[in-house]
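Two complexes follow with chain A in common, the first pairing it with chain B and the second with chain C.
Then we have the complex of A and B:
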């Protein structure tokens, strides 16, 4: 491919370029000195750019300093990144209006004005491209992000000087700006080498007083880039890093760094690729109107991993490890690229000066265990519908199951039929939405069994027939029922873990020719907590099904089994060619998997359902991460051998 | 009797000769649903295995009555207290189905262990396995893990 023709733009012409862009209706966002930092803000022209300024950076340190010359782009990067512009720190996702029992959900549109980003560095363009992978190249498209992305014109800048904390050369993201820009400038003495990549960029060059760049200017550009590459303040060996990190989850360095880390989350806020967010309902005017808003979140916060009051990453060491393994390892499985672009912001803005390059080198050099192989990334074909906007649905029926559990029969809102094991997000205005497994479905209805334990599930469990709620989904993976054809199949459920297995059981029971030997082992808290008792009896009466139930606590009136569900399994044969579907609390699943290990059942024959903190359910918000996976899109049903390196591992 | 003994996990490692010696000290007990098999506080003299049916093990709690803590099913044992010196039953066992039990007198069984140390080792090894599993399952029950 021939490189785009390069032009030479005199230094004084930069103002002309910015004026042209403004004249075309773009607002300009560019670097500008504000207080003691160079930030990205709305500018009108060259005067507001940080002419003659540079930044000095070190771990935990960032200072502005006057340069000896009047370079315009003679600095590295400040606390801002373009993330603020494309993925704002706070924004409404859904507007919800309640009118009596009627609820309407509408997408909050971004409607962004055309915006030109002035001075996008190579590492930053790479970061934008990485966030594109999250928001537009997953199973769904985030339309707000996509609209802003569509509306931006990118004027990039090649770096000819490296900062003290830069390591883009190690990450393969710079210093030369990669594809994805409209215009790219290289600042040299007296002017700029200008390269256009898009028609919009080329059209701008044509309107400028720019001549073809001379060979000497191109040589100077390349020399600048080379010198920058060779003077990077930091270096990182990325060879085999993902497998190395996951092979060393118990490395002592995690504890050492946790002693210094304050878990403040600064690193995640300044990181141009971190994308985790939280979603909350903000109510206006007596709950008639509610805005469902997202705001940046950080994996250093406790709420990030909390479900039903249980914190999955309680220690700072867990959270630091989560961040670093995500950035440098899980990203590769999730998005087919490292999540780090080597900008060095997390080092400068860490109040205690933790240096990721140093931490990673320490793990590599201090008695590392062998690397392990991580899952390959999936390729997604994004669905166009907005996954974050619920559809209003009417409750058709409410079936009480136990004193604190009900099954909601809800009218179907989508043409997509839920598969056993998948889940929907159920929501109510001002309360928010929660993931609930599909427990059954028919042509025009879907069933969800839920226990009122938290605010949202309590409110949902109090719904009455005729009332409305929001439904979005279905999301996630399903029980691979077809793999169990011609094999004995054993379903093992604990507590409400029976709900995602119920719809599987319904299908299995209805197809005895394909599934002639199905066993269900079900452990409940007490006789009063047994779900679907009539159905359990009906399944047990079928020649193709065998149902065993046990309870943890019983009164004298209970004549069935008492004891943990593992006791039922110990009494039965566990065939090696059998398939096993397991769902329940993780402690229960772990014990069941031990028994299957003892029996010698291959891990590839076992499937488990994992629960983590799902918020968006569409693969955007990052809160349900489970090692290299997102539970919402890669799970919740996983094959055991795909997760056994993190299953039961504290902190994941 | 030997056929019935073969189905008891406690005895699954024994050879024919050893099983015959066990059979010589074994008797059959049949109980109806609701019948008490052994009663808390009573002298613990025999270990039992369930050949058919199901037995619940319950502890008396003042003010709450009998509180069942686990059930014992086909192939499993109850009453290992009988292997301890001068033991008393720590719980009441009650049939929750019509049940057939194989009864092994504790003193006779201990005598057999003395005479045939290998038999003793094999049976005690399985007894320990059962006790360990039962203890472990009890931890899990105590966790009340389905509450959330």
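Then we have the complex of A and C:
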């Protein structure tokens, strides 16, 4: 295939091009000088572009400077990125209206006006393509993002000068603009080489006073790109980087950089690929209207890794390691590409000048441990429905289980039948939504057992039959119960960890011919905390099932086993060819896995359920990250050998 | 308690929302708005501004705690001791002699301290003054039963979401944003000024690194004492940092 012909546009014609685009109904967003920096803002024409300006950049330092020529695109990237336009810092996701016991949820639409991005650099286009992988090429589509993406026209610019902090050449994202643009300009003396990639771009060229580019102009373009490539201010050795980082989770450099890092989050906010967000219900007093909003978040904040008051990444070292391992390692497993495009923003805009390229090379060069193998990325086929909008569902029944735990029986709202181990997001207006595992389901109902510990779970546990709540889901991976067809299966549960196993147990118990040998070991805090007691007895009476219960605290009325579930396990046979499903607090699961290690049960025979902070459940918000995984889409059920390098590691 | 009463005014400033507020809650005691006497009894939510600066205040806050279901303390004084806590760094007897003609009439504690130093508090709302939207959020959260949506993060996060160009990086100014609790919406940086730290230190405030960076680019130790010893200078992280740079 021959490349589409390149054209030559005289310098003065750029204004004409911008006018044509505006005339076609596009709003123009482009670089412009704002006080102390070149930012991206709405512009009307060439006059507002940074003609004759450039920037000087160093770690923690950015200054505007006059050029000695009148180049229009003679600067490197600044503090803003196109992310602000496609994934705004704050936006409503769902509008909620409460009307008595009735609740209505409706998707907040983006309705973006057609927008032209003027001056998109190679690294920036690569960053947009990376965010596409998050928002439109995962298990779900973020419809707000997708709408904005479709409404944009991309006028890219090849870089012929490199910035002090640029390393796109190392990341393979530049300086030549890759696919995905409508028009690409290369600024040379007196004008631009123009290349069109799309019909929209080609149509614009047609209407311009542009001739075919001469060979000398094309040579000058290539020479400019070459010299840019040769003069990159930074360099990064990316060879085997993901495995190297995960092989060095205890490298001393993490604590060293944490002494300098402020955990301010600026690096993540300026990074054009960072996508984490938080979701909050915004309402006023007892008003009937609630807006469920998202806003940019950062792994440097404490809330990012907090669930039920426990902080998974308390130290700055944990948070810096999360940022760097995510960007340069986990991304590869999650999205099949590095999360860094080499734009240098995080280096310039770190208030204390921390340089990612320097940190990474320090880890590589100071006694690194061997690299490890990371999981391969999954391929997803995005579902079309909006995963963030709940469906209103009626509470059919509320069954008290223990003094602080109830089972909500809720009317089914989706055709998709939940699998054991999956979860739904349950929500109440003005309070927010929380992930709750499915504890049982039938033709037209779903069951969720929940303990009213947090504010949201407390409000949910106070619902009465007939009242409504919002449900979205089901999400996540499931227990592979089919393994019990050929292997003895042991389910080990601690506390409310029994709830996701209960739906598995119901299916196992109902099909004794398929699942002939099932054992359930369950540890509760006290006799009063035992869940599903009648069901436990019923399962135990079946020839195919064997149920043992133990309690931590003895009481006068309890005549059964006393002690942790591990104590019970020690007295049982743990067959090597058996399969094991484990769910409970992480300390309990650790001890159980340790026992299975001692017994010699292979890690690939064990499955555990992991809990992390979740906001979207659809793979967008980044809150549930667990090393190279997302708990909401790769989990919550994981095979032990797939996570053994992070399971129990502080900071993950 | 000891304060300028400015945070109470924030509540009065909620003009548009005041009506709805009156419908949602029953306001029984509000000195800045009404001189009605404090009723006896128990309260669902008590907002307290000001620091503990006198023996009488110490007594009173214990009583308030005992009769309140939820105690929310508001403002820099109540959460860190306030600007009046600058006396904690000096000889308070000497201050009294300079300021008052007859210091023996003044009964005052040596230090001005946050409420949480004396009684357990349910929520600390920071700021000098507090932000009106955040105050409404705390009241709303208590009415509907959610966790107050007050992010526990650095001012920088608000600054970046707002699209402000960083004054540390692009203008070379000292800014306490990275170590300060969010809430103001990055007000000062939005007007090209570094953050003064009104909302007090955030969790994980790495003040040492910020000071090292500033000293490295030519600021003096006296500059560091001034930067960290201002409105919330008695908050432990800031106090510790300013003391490190004292002559």
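One rule holds for everything that comes next: the second predicted complex is superposed on the first by the 650 of 652 C-alpha atoms of A that agree within 3 Å, B and C clash if a C-alpha of one lies under 4 Å from a C-alpha of the other, contacts with A are read in each partner's own complex, and residues count from 1 in each chain.
The working rule: a contact is a pair of C-beta atoms (placed from the backbone, for glycine too) under 8 Å apart; a residue touches a chain by one contact, two chains touch by 3 or more.
Here the structure is a predicted model, which is why all the values come from computation and not from measurement.
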Task: Superposed partners chain B and chain C on chain A - clash or fit - done: fit
- [ ] Using the touch definition from the top, say if A:261 reaches chain B (first), chain C (second), both or neither.
- [x] second
- [ ] Identify the partner contact of A:270: answer first if only chain B is touched, second if only chain C is, both if each is, neither if none is.
- [x] second
Open item on the list: Just checking: does A:432 make contact with chain B only, chain C only, both, or neither of them? Give me first, second, both or neither.
Closed with: second
Open item on the list: In the overlaid three-chain picture, which partner chain does A:456 touch, first (chain B) or second (chain C), both, or neither?
Closed with: second
Open item on the list: Looking only at contacts as defined up top, I'd like to know whether chain B or chain C touches more of chain A.
Closed with: C
Open item on the list: Contact-wise, after the overlay, does A:278 reach chain B, chain C, both or neither (first, second, both, neither)?
Closed with: second
Open item on the list: On the A-aligned overlay, A:523 touches which partner chain: chain B = first, chain C = second, or both, or neither?
Closed with: first
TODO: After the superposition, pull out the minimum Cα separation from chain B to chain C in whole angstrom, please.
DONE: 17
Task: Parts of chain C lying in touch with chain A, wherever the complex brings them together - done: 17, 20-21, 23-25, 136, 139-140, 143-147, 149, 151-154, 156-157, 160-163, 165-172, 175, 177-179, 192, 203-204, 206, 208-210, 212-213
Open item on the list: Touching residues of chain A toward chain C in the complex: what are they?
Closed with: 34-37, 39, 60-64, 79-80, 84, 89-90, 259-266, 269-270, 278, 280-287, 295-298, 300-303, 315-316, 348-353, 430-432, 454-456, 458-459
Task: Residue numbers on chain B that touch chain A, as the complex places them - done: 33, 54, 56, 58, 65-71, 73-76, 96-97, 133, 137, 140-141, 143-148
- [ ] Going by the contact rule at the top, pick out the chain A residues touching chain B in the complex.
- [x] 308-310, 453, 494-497, 523-525, 529, 550, 552-556, 558-564, 566-567, 570-571, 584-585, 587-588, 591
